[in-house]
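I have a structure I would like to understand better, so I am pasting it below and will then ask my questions one at a time.
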């Protein structure tokens, strides 16, 4: 057994998985407060990545300025989007709202192609050393940056949901919008807040991915790719999203290891997580950390 | 009225730390109206859930028609002739009242996903119509024919309760379990409901197990009353005996011994 | 006949738009140019471009619309999925299709090869098939190995998504590589979408493969190169025809080194007689004529011009119908459309062999601090082996 | 829609049988029958382009109805319907070419085969619910898609597989005009099948499971059986739709059956109205015509003066895509419960007319 | 529009509903011109049979109709001098009018304490913990149940719903069937609590109830509604002494109380309409 390869793959999985976790958190946030599964999540990443790219290339801003600018932009974008498109949907059947996010994804996918074209683009060099060596594996600096950001965001989310009354309000809104209104919770504000935060955090992930892989319209596939991670962790658990992300990240890489070394089936990297997902869900129907539905009569 | 249709033997049930039921045993004679009363959270609904199969007791047995049903799925118990209504309404909200009641006939119908769609070719149509006739009888009986085609979810609370009763009756049960059938009704409607319960007991010969907080109703229509408190069986007996028990009076009715008089009794209704 | 209709299916907004747009512009500009300059010897060339975004049902609907409303005589197509879906329709309707799907089995019009499931009598394309192009690349690789003084058997890996398009040459190419003495390793799968391919690169690295054929295109190629650079893989990448062009180099930026890719035409700035016409054609959509077009654009021009000359022949010989256009494809030997000398390679289509082109030009690209340097490294002409027809 | 004005104001049905019909009034029944007869003459009246669209509506409509039975009626979201559709397509072609079973028989057989596969992937439904289940079906989408590209023996792998035309007594339905009748028959048959299913025992059980599975179980409905069965029936429909698609095209390639297709099916039923059979058809018609209408809009644009400006010409492709997104969004904002809900509202209005309120 | 017009005119009432009509789903009309006044500091009760439109009235007041496709098509509602019929539900709450919805409607996947804290969502003071203790004082059972509220028994959930309203410390509470599903002892207590809050904290109450006996006794003024219209109103004594009310809502008019067992199905009720 090629242990060196295996360790390298596992480290790689850990780091990539953490990024999945960050994207997953955005899902969870939106889900936790609105019950909506956001199919336009991938486009949020894409828009964030393009906006940052444009600010670096056209406005020639230094990276960190461009980065901050894009985050601010995305926060506004998320809130605005919520106001224009999702607000009228408050109180409508969840499935219709989910469909609206699919519509949004179609729209922004095309819009981004129109504005930025269909060719992939790369970011200008940001760090002096593009990559550093970790236990024999070269890792892009951008990932390290994302790891730090991920940890900060995670702690912030955790505290937010645990201790602020807005956290409670978000959960209440998700459970029953009508009752939340009757308690004086402004469903609109809750929605605006969660979409704003989700868009901002997504943009962070998009920019990191852009730095590593380049920006192109197909970046949005990440929106679908992290589904297994989110579900694995439990749709409504912030910690679950991170854990799920890491598990999926490692799983992909371990699958690749066995595939390339022994099985030679091909494509296990992409498919294995789905098999494992099915198996885990069989034993834990609400993922690892998801809260059970109340089954009571 | 000697043979018992339902026997509950030493049933205990706990959720984590909460002991919902502790070693409860009782028997329900065939053809009787049997009421369960007790303070909120005493475990009445849990008891009903154990009988109808929503919950599996941690220990003890439920014997229905001399058959041990403790380990059967709820749907199998329905097949055996057990129907129930729910404390928190559990209608199929988007279906019409008629379809709701037809679901009660589910286990008596034979057409399936292959023969049903062949409707005219198989005898599905004949069967559906035959059962439809039976359902219409129930609808007439419960006087809900004017809302037959309404969507259940938009009905008012009281009507929904009545539709639930109709649905449970459609199962053609020998035993019917009613969880607070009169909650949320005014006097008049309670009177109607009481009449329906009596009729289905007397005319259809269905045994009734009922949870109810309205003492007037419980006193008037039940043959036997059991009191649960903190998951334990406090006592059981004839309605008058139970009412006279000082403990029940204090812990459940909130009546001080001295002030029992008819005025108070009426108030409780 | 004073006008004929040609339909043009393009993917300009879908998943293959990255190259689809360039190719489509080539076709569209050529159609417009031909029309502006006398059409088919005086017959007006009507056309419509439909962006079907790589969705098969939409492609079929477009085809049917043209067939029933516009009396289409020939079609310029695009991708694998739609071209294949239309094979039997176009054969029945006798409508020649000039696609940009270069699957090997489209080259067998009569079903002679046992591998061929369904003959494709009305399908044509300008260029070597995916299989032939890959064969050309491994043939070059075998030489290269020798020249570099490599020891032992070189190792070859197919890298690409598990999809019809990247998989098309997989077996045919592996067979030939084996024939040439390569050690063929199990294929490595990377998705069509860009992503982090460090895991796959690590396994390529540990397999010590020498030559890798990339079946994908666009963003995923760029990701692959970047990821493999990060983990430090020492492999000679060779891409398919859609996987190497200026846009890819631009996007990948620093880090793309000695990247081998095939072409079927020269480049925009090459000094060949026919390039003047190509520049003229490009003015149809860019009046300055200065925008630099990639080689996919030029291939689109060639595809259209072969069709045009076949139509001209048809006009002389019984009228411009699908059937006559097909016949027109067979009349010339070593055929180069007039005005495009040096641009389009000399082609030979025959009734039984639709491998129009069997020559592959191989280039090497490098990105050096903003400069893209592309050098021709070889020119391979493949034998027309019978067992390679339609495979 | 003209039938509406002729609806009787009250309810004049006198027998249970009349009360149980698919069609709410006689007028509607006659309008439906008349429409079907009119559709039979369509090939003589409209051109090939329209016929293609109608054929598209048929095979997509059948598959979408299956999805609506699963999502709309049983309340289980599936993101893998596109893959099942594809499976039906490959299965029918495979049965026909490998076992020489006549195509006409292969189509239902493919339906049953897909049903089996659907139930296999639906098995988690016994334990998993809601969005968790939705994502589990997403897994099936990717697993099956991967299978198509890999299973050479079944799908022909990279080169795809050929599907022979439907033939009956030696007559090949290989033109659009003739295949149209096959498609129309299948559509009508499958829709009546669906209507009947929904008004008989198992159909009611599906809805009961959706609305309140706990009480459904106590009413005697076997939960797991119906959860699984709805996957089975929905895949059955998908399989039939896919098989028709295969024999219409004559060729199946692994490329088309992506997650996008699954999402498109979802869009159809949500726009049409969840849990509505006629809504399904409305949704499918909407989604099939939308890109076509927008494309001709783009075509018209190109004829104008600035249709020649390249920037605009290229932009149009994106504008078209964006318009699809926008139309879906606007539609849902103004009609969140789908087309069939608006239909019911109009109906209610007329029923109470002139005493609306 | 019977006696409703000749109401005793106090100062301007805290809440006044003027001739409202409510339509669901654009076609189903439920309220046909309902007017009622709730003077400050009083308890007013609204009685009526199932489906009369009592809950609809409350939802119209609190702005919760919209999420059920309902709409106030006519008339107006003012609360403390301000029009609220076009206001959002959350703004209505912020202006001090809190509603306990029918059917408990607690947040099932939160604990009791979290539910109670949500009740105080609009408050920003530091008294919240004291008020928690107050609620636990009223309903000691809630303190013992630390799990998710969804697993509470029906009655326990009802206590929680009432407790949640107390946590909001509003100016006025609309209670939709607060006694539903409570044991006799608790029903007594709840009405005691209602009276107590009204007196101690001066919170105005609008009480929708089926338990007419308790409701009228707890109220200063009452309205009776049938099929979307107010058919009768009056002060506590007026209602208690009204023969119809006695017969149909309180049980027994002049005669002795009948046993439920002896009621016969031919008994037909009289209606005001």
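A, B, C, D and E are the chain letters, set down in written order, and residue numbers restart from 1 in every chain.
In this section, a residue touches a chain if its C-beta (ideal position, glycine included) is under 8 Å from a C-beta of that chain, and two chains touch if they have at least 3 such contacts.
The chain lineup, named per UniProt: A, D = Branched-chain amino acid ABC transporter permease; B, E = ABC transporter ATP-binding protein.
The shown structure was predicted, so the numbers you read here are calculated from the model rather than taken from an experiment.
Chains that touch both subunit B and subunit E: A, D.
A simple rule picks the central chain: find each chain's mean C-alpha point, then take the one closest to the mean of all protein C-alpha atoms, which gives D. Two chain pairs, A-D and C-D, are compared here, and A-D has more C-beta pairs in contact (counted per touch definition above). In terms of the distance between Cα centroids, subunit D is separated most widely from E. On a Cα centroid basis, the chain most remote from subunit B in this structure is C.
With centres taken as mean Cα positions, subunit E sits 47 Å from subunit D. Annotation: 36 Å between the Cα-based centres of subunit A and subunit C. Subunit B and subunit D, compared by their mean Cα positions, are separated by 42 Å. Within subunit B, contacts with two or more other chains are made by residues 45, 54, 86-88, 90. Touching two or more other chains at once are residues 151 of subunit E.
Contact of a single residue of subunit A with at least two other chains is seen at positions 110, 113, 266-267, 270, 293, 296-297.
The complete set of chain-chain contacts reads A-B, A-C, A-D, A-E, B-D, B-E, C-D, D-E. For subunit A in complex with subunit E, the touching residues are 90-91, 165, 168-169, 171-172, 175-179, 181-187, 291, 293-294, 296. In the complex of the two chains, the subunit A residues touching subunit C come out as 2, 5, 8-9, 12-13, 16, 110, 113, 118-122, 125, 130-131, 137-140, 212-214, 216-219, 221-222, 225, 252-253, 256-257, 259-261, 264, 266-267, 269-270. Residues 52-54, 73-75, 77-79, 83-84, 86, 90-95, 99, 102-107, 109-113, 116-119, 124-125, 128-129, 132-133, 136, 167, 171 of subunit B touch subunit D in their complex.
Only residues 31, 37, 39, 85, 88-89, 92-93, 95-97, 99-100, 102-111, 113-114, 224, 227-228, 230-231, 235, 265-267, 270-271, 274-275, 277-278, 281-282, 285-287, 290, 293, 295-297 of subunit A touch subunit D when the two sit together in their complex. Within the complex formed with subunit A, the subunit C residues making contact are 13, 15, 17-18, 21, 162, 186-189, 191-196, 198-200, 202-203, 206-207, 218-220, 222-223, 226-227, 230-232, 247, 250-254.
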